[in-house]
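Same chain, two partners: chain A is paired with chain B first, then with chain C.
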Partner chain A sequence: MPAAAHSASAPHESPVTQGTFRRAVVVGGNRIPFARTGGAYTKSSNQDMLTAALDGLIARFGLQEERIGEVAAGAVLKHSRDFNLTREAVLGSALSAETPAYDLQQACATGLETVLGLANKIKLGQIDSAIAGGVDSASDAPIAVSEGLREVLLDLNRAKSLPERLKVLSRLRPKDLAPDAPNTGEPRTGLSMGEHQALTTAQWKISREAQDEIAFNSHHNLAAAYERGFFDDLVTPYRGLSRDSNLRPDTSMEKLATLKPVFGKSLGAEATMTAGNSTPLTDGASTVLLGTEEWADARGLPKLAVVVDGEAAAVDFVHGKDGLLMAPAFAVPRLLARNGLSFEDIDFFEIHEAFAGTVLSTLAAWEDEEFGRTRLGLDGAFGKIDRAKLNVNGSSLAAGHPFAATGGRIVASLAKMLHDNGPVDGRPARGLISICAAGGQGVVAILEAYSAPEGR
Partner chain B sequence: MTDKYTQFVSHGIGKDLAKKLGLPQPAVLRRYKAGEPLVPGPVLVLGSGNGRTAGSDELAAALVGWGLDVRRSALPKEKLGAIILVLDAVEHPEELAGPVLTAAPSLRDLAPGARVVTISRTSASAANPAVAAGRQGVDGLLRSLAKELRAGATANGVLLGDGAGTTSPSTLGALRFFLSGRAAFVDGQFLTVTSGAGQLPADADKPLAGKVAVVTGAARGIGAAIARTLHRDGARLVVVDIPAAGDHLAAVANEVHGTALQLDITSEDAGKRIIDHAVERHGGLDIVIHNAGITRDKLLANMDEGRWNSVIGVNIASQLRINEALLGSDQLNKTPRIVSVASTSGIAGNRGQTNYAASKGGVIGMVRATAPLLAERGGSINAVAPGFIETDMTARIPFATREVARRLNSLQQGGLPGDVAEAIAFLASDAAAGITGEVLRVCGQNLVGA
Partner chain C sequence: MTTEQPLILGELPSLSKLYVNAAATAARRRVLGFQAASALPHGSHEVRGVRADVANLTAYQHLIGETASDALPAGFIHALAFPVAMSVLNRDDFPLPLLGMIHLKNHVGQFRAVQFSEPLDVRSWAEDMRGHRAGTQLDVVAEVRSSDDGALLWRGVSTYLAKGVFLPGVDKAATAPAPADFTAPAPTAVWQLGVDTGRLYAAVSGDFNPIHLSLLSAKALGLPRSIAHGMYLASRALADVGSVKSEAFRWDVIFEAPVFLPARVALEIGTIHSASGSWERSDYVAWNPRSGRRHFSGSVTAL
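For the complex of A and B:
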């Protein structure tokens, strides 16, 4: 349909009619505790951690030797030797070796995108079960050799004689020997993610106090959830850790206020982003078990929630049109419109806390008349969310954020919250997930508590 | 795995050295392996009187039915796999002489890992003093004989209550257990059969086929061994341990193809969560093994509230609460079986373990009182009291104390987690349905608590 591809699709033209597809159900999830980089998982590879998260999931749901329809996972910081990371993890796990797997990578949205992609395959009838996941290690990150050394090494390999080899080697300069460590810098702007967000935070005039409050709530909500036993069937300990090592249950607004800004220092007095209201580099892995209702029923497995729909968006941050991490501000209105929903219809908001400033800038954009009119094409502001429904069991500021593992963490936790919550006004509880990602991207999704279809 | 000392003194120079120095020479025990013969040679069955009684004849016929090579009198110099003394008809201490003295010369002809088993009636049910004396005499006889046997041979007894005979299902079940390698570390002990309930398994190697079993404290040690043994015997498993032990628990669950339930058994709703999990995931619940336990040793003079309360809380209060939920549930399958892990410390006491022994004594009391409650629904409950078992728990004991502790029993070695697991698997099986409210020690006939 080349013609249609250029026209903006209005909601009523959407070919998506939910009822005609099978439902993709979230059965449950498992993750290992997230560890601050350089901590408990320093010696663990992505494959180690993903395998551990898978094995915990298999143990929780009795999936030993089970042939799962497909497993998809990924990592943002990936060694070239990990070209088949997910399949290798499956082979090292207790699953049937006949379980196929593929790697996926969409920066910090990797985890959520694996859930959406696999859920779509389930809905279409291509597979009956799936495991989505993600892993990242900033401790065991790949280090690339410099471009100069790389060229020399490749030429050396091609050189045929000893004199030729010596000639190639003579091109080496000391600076070529410095390794190229990975960073979160944007290739097109050279700015780090934090510096980008600092600009956005300032643009939306987000106060330091408001950001610290988001961080404070994140730590206290996550700590309370652990105390309540909420994570007893979501997390399996790993390497001596049984809770996220970044969690500070006793943090206070006063303590957060003492921290010095680390991003946007060039803004002077307006610098508001500290190590307390920004997520630290973290190592960890997460998994989510998906299936059809029949697949779950046949195994006596829980049916926590249904993956309703998802949407991706991207912004032109390169030319400064929007902030680097603002894509969800566009994705969410499109997703809700397509599903005929507004903020009033959402009972849980899971907005990934890359930085407290990201969450607040996104909320500010939705509450802004001008943004609503000029950027979203609406009559006014998109809407305001009830803060009491935001990240009620904590989010990335407290748990940490091993890039590709965050989506799985959120999906599994939200599915459990929706299930535990019970119906709202006679309809199943509903949750919204919003995840920003490098490259100016964002992926968002709607989950709904599972309820048996009419007549069953 | 036997301990290093036992390995050393079992072969070559080690064996010679130990002999010369008069050191303990523990034998490598005969443990169960699927496909191996039940006993390591022919079985001599002796009744009282002239050696032939109705009870002994029926029993001998049953053993022939199992394919065993049964003798009613010993052949000179033939190595025997087992001697079974059927003493159910004994009505006076003087009647013991016949079978006991007939068996005596054959004791020299026992094969390594052989078994002596007595079958007699409980003295408690005898009103006549002479009858009671004859029956109780078996107790002293058996326990002493167990101490005389060598080379991994053991002696144990089956006691028959009024409702049981020599070929009741659980008599045969208990006998089979004692004869087999499953009872390798059970020595000098009795099991009482009180009813004719139960049935022997269709497949002796899969006595728990089709059963759903929950094991608490299964992340390591004895609990992990119980999970493996129940899995081997055909059960489907739910393994439970505290969330902080979840990684080890997951490894066990994946090994035994079960499901892991991260749960602190002291939590208020533990019973409900266990039942819900078993019913939702496995369609029912047949067997619960209360194994999770902790020690917080201190002389009572130095005891604090934390140490005392945590031990009572984990080791017995949690079991009481979970059992209440089990008894109140209508979701258990027919003939539910519960087995609790007690300890010889709860029977004989241990210095520094007032809290632990109180909790384990509590387990024994609880098991006795719960038996009639479960009987109403065709179920049973028993306790297993391990002696010195080689686990992380006992590896923390200082070396010298540990070395003494593991030799202080008739088998001169510590037991393995699998030995405890075998006793539990038997008591969890339908072959043990006629046994309830009992405590079986798995201690190699430890001097303490024996």
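For the complex of A and C:
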């Protein structure tokens, strides 16, 4: 692995996370079940859902009237009126009104980035406690007026006399009245995320069957986790929903095989991406409670895991040769190298299933000799992960993917898995999170089961 | 309350039908003459297994300024119980004219958080008809219990005035003490209420009383303009008190000058904490920022 070190953005003499910094502990998490768009949360706003997730967290950990160091959350699809979304959710929650909050947006990596940013503040000693989160509604999405109408309205407001106003109004054309709805298209390519991934999926020659298998495992693993009660202390019911409404426990490879391709149809027979192996639009919210060891101890709260380190990467998907969602393929080798780790040191892999093809393309890149040599600067392939350690409690294909809420879902679930797992070969269990995002970005992180430092 | 068995209604009565019936009753009484009884009917009305409609709940929460949580706002429960209360006032043996009654004050006890999915039993009756310097007043009581275990979850007492109605055998009250002078404090919020405020609240609460709906319908009942529902105003004040309040609380409001729409309403909310720092009470008062007249005042108190 040391060979990958030279491709890291900045070389380090020693792992930075082992210095004198305090540890940022994941105390727990709470989310509301994720709902398919147009379902149970159709009329709920981002603020409603984020507040619901927050209030569930507050109730679970007894944080009523508590002043938290800082709360950070965000939404990808955001109304302009929600400029202070997280602070408004805090004010509507049972937390102390003296809890500061800020909004963050990094597309689908929003949730994980709030965890990393707040964990860093905790490590640096700036705050002792924090709540990270994210929310998205594809149902209650913002719709803007067209550029033409917007310009007319603004000019109308500036016009001083009636003739001036009439002149401004005369610029209005019927097409200006059509609203501007959000879409998942990339601004620079005009291709939707699914179309981008379809190209990447074909580039890495990922089969339809392999994608359907990822989807099948996701549904069955998530259903089994619910059956076991794994989510009992991670999810609070909302609006009559107590499980993710996209979950299909009874899906089968045969059923998945019957679905018609929805992305990459121009590829003809090579089109492999269906509604079954792509995530649907979803509504939902998640939160994660972070703190120092002392802060958790003082309140008798659990310490599930430690946020070890994180890394962001981006690819030139516009003019370069990398797929839109391939940034984690670069971020993970850099992160592991910086921490002196390899795939063998990881016990749980949480690779966000934007599309089954994304997961498989990323794995294929890591297993590819040429990619390892030419793109990662290694002697050969980066490595192969043990599939038995991949998304063992299901992921976004089954749970759904309310963009900014996915990071919080994964961090809280992984922290609990690491805690429940116990030590591996005498060391704390370790997990890797990988999340791809629009704009050719990716954010990845390492979590480790909490273990008391020596001498404590 | 009465010990008689309640009259069980099969479902929540339709408020629009009750208002139509009330208008018809008023007309019939005017034409045929009506010898009002000097006592209230004894019975209570009850509807069992009432469930909140979640879409309506969300619309109500957004209109009032509450976050759309799964818990029913105390004002929403009032609206849920209101048709049962109205059915009591709509009985043929109810001595006072329903239309035109003025909501003087309201008291609510919320004993625990009520989830929208819970089946509820709603019972209502009228009691304590008594004199008022301007007519006759009475209390309409509503109790909301869990259909599962019968526990009392919410209790509301609404005091109404039938203005200008003096019944034989009901003593006229002595002249009320002069109201204390009101000096407007610095506002903590200002509400902009559009002319459609009454219609919007009617849509989520079902209270289509014509005095709240439009200029014309209000004029038909002798008002210069439509007025905001008292419970809309009180519920917004409750929402503005916010999440600081405990799960169980007492919520009081006294209505004074009506809010003619459209309107700007100034509001002041003061919070009182106990020595240990926990929330004890929030007091609120609202007034017309131009005239300085007080619209309503009240408090929310930890139980």
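Just so it is clear, the second predicted complex is superposed on the first by the 439 of 456 C-alpha atoms of A that agree within 3 Å, B and C clash if a C-alpha of one lies under 4 Å from a C-alpha of the other, contacts with A are read in each partner's own complex, and residues count from 1 in each chain.
One rule holds for everything that comes next: contacts are C-beta pairs under 8 Å (C-beta built on N, C-alpha and C of every residue); 3 or more make two chains touch, one makes a residue touch a chain.
Note that the structure is a prediction, hence the values are computed from the model and not measured.
Trainee: On chain A, do chain B and chain C fit together or clash when superposed?
Mentor: With chain A aligned, chain B runs into chain C, so clash.
Trainee: Of the partners chain B and chain C, which touch A:Glu65 in the superposed model: first, second, both, neither?
Mentor: both
Trainee: With the two structures laid over each other on chain A, which partner does A:Lys43 touch: chain B (first), chain C (second), both, or neither?
Mentor: A:Lys43 contacts chain C only, not chain B.
Trainee: After the superposition on A, what does A:Thr51 contact: first (chain B), second (chain C), both or neither?
Mentor: In the superposition, A:Thr51 touches chain C alone.
Trainee: Using the touch definition from the top, say if A:Glu448 reaches chain B (first), chain C (second), both or neither.
Mentor: So A:Glu448 meets neither chain B nor chain C here.
Trainee: Which partner does A:Glu293 contact after superposing on A: first (chain B), second (chain C), both, neither?
Mentor: Neither: A:Glu293 stays clear of chain B and chain C.
Trainee: Taking the superposition as given, does A:Asp232 touch the first partner, chain B, the second, chain C, both, or neither?
Mentor: Once the two structures are laid over each other on A, A:Asp232 reaches chain B alone.
Trainee: Is A:Ala94 in contact with chain B, with chain C, with both, or with neither (first, second, both, neither)?
Mentor: Both partners, chain B and chain C.
Trainee: Of the partners chain B and chain C, which touch A:Asp136 in the superposed model: first, second, both, neither?
Mentor: In the superposition, A:Asp136 contacts neither chain B nor chain C.
Trainee: For A:Asp128, select first, second, both or neither according to whether it touches chain B, chain C, the two together, or no partner.
Mentor: neither
Trainee: Of the residues on chain A, which ones does chain B touch that chain C also touches?
Mentor: Residues 52, 55, 65, 94, 237-238, which sit in both footprints.
Trainee: So in the complex, the part of chain A that touches chain C is made up of which residues?
Mentor: 43-45, 47-48, 51-52, 55, 65, 89, 91-94, 97, 237-240
Trainee: In the complex, go through chain B and note every residue touching chain A.
Mentor: Touch list, chain B to chain A: 243-247, 249-251, 253-254, 257-263, 267, 280-283.
Trainee: For a test of understanding, state which residues of chain A touch chain B in their complex under the given definition.
Mentor: For this pair, the touching residues of chain A are 52, 55-56, 58-62, 64-65, 94, 229, 231-233, 235-238, 242, 299-302.
Trainee: Within their complex, state which residues of chain C touch chain A.
Mentor: Spelled out, the residues of chain C in touch with chain A are 54-55, 58-59, 61-62, 67-70, 116-117, 242-244, 277-279.
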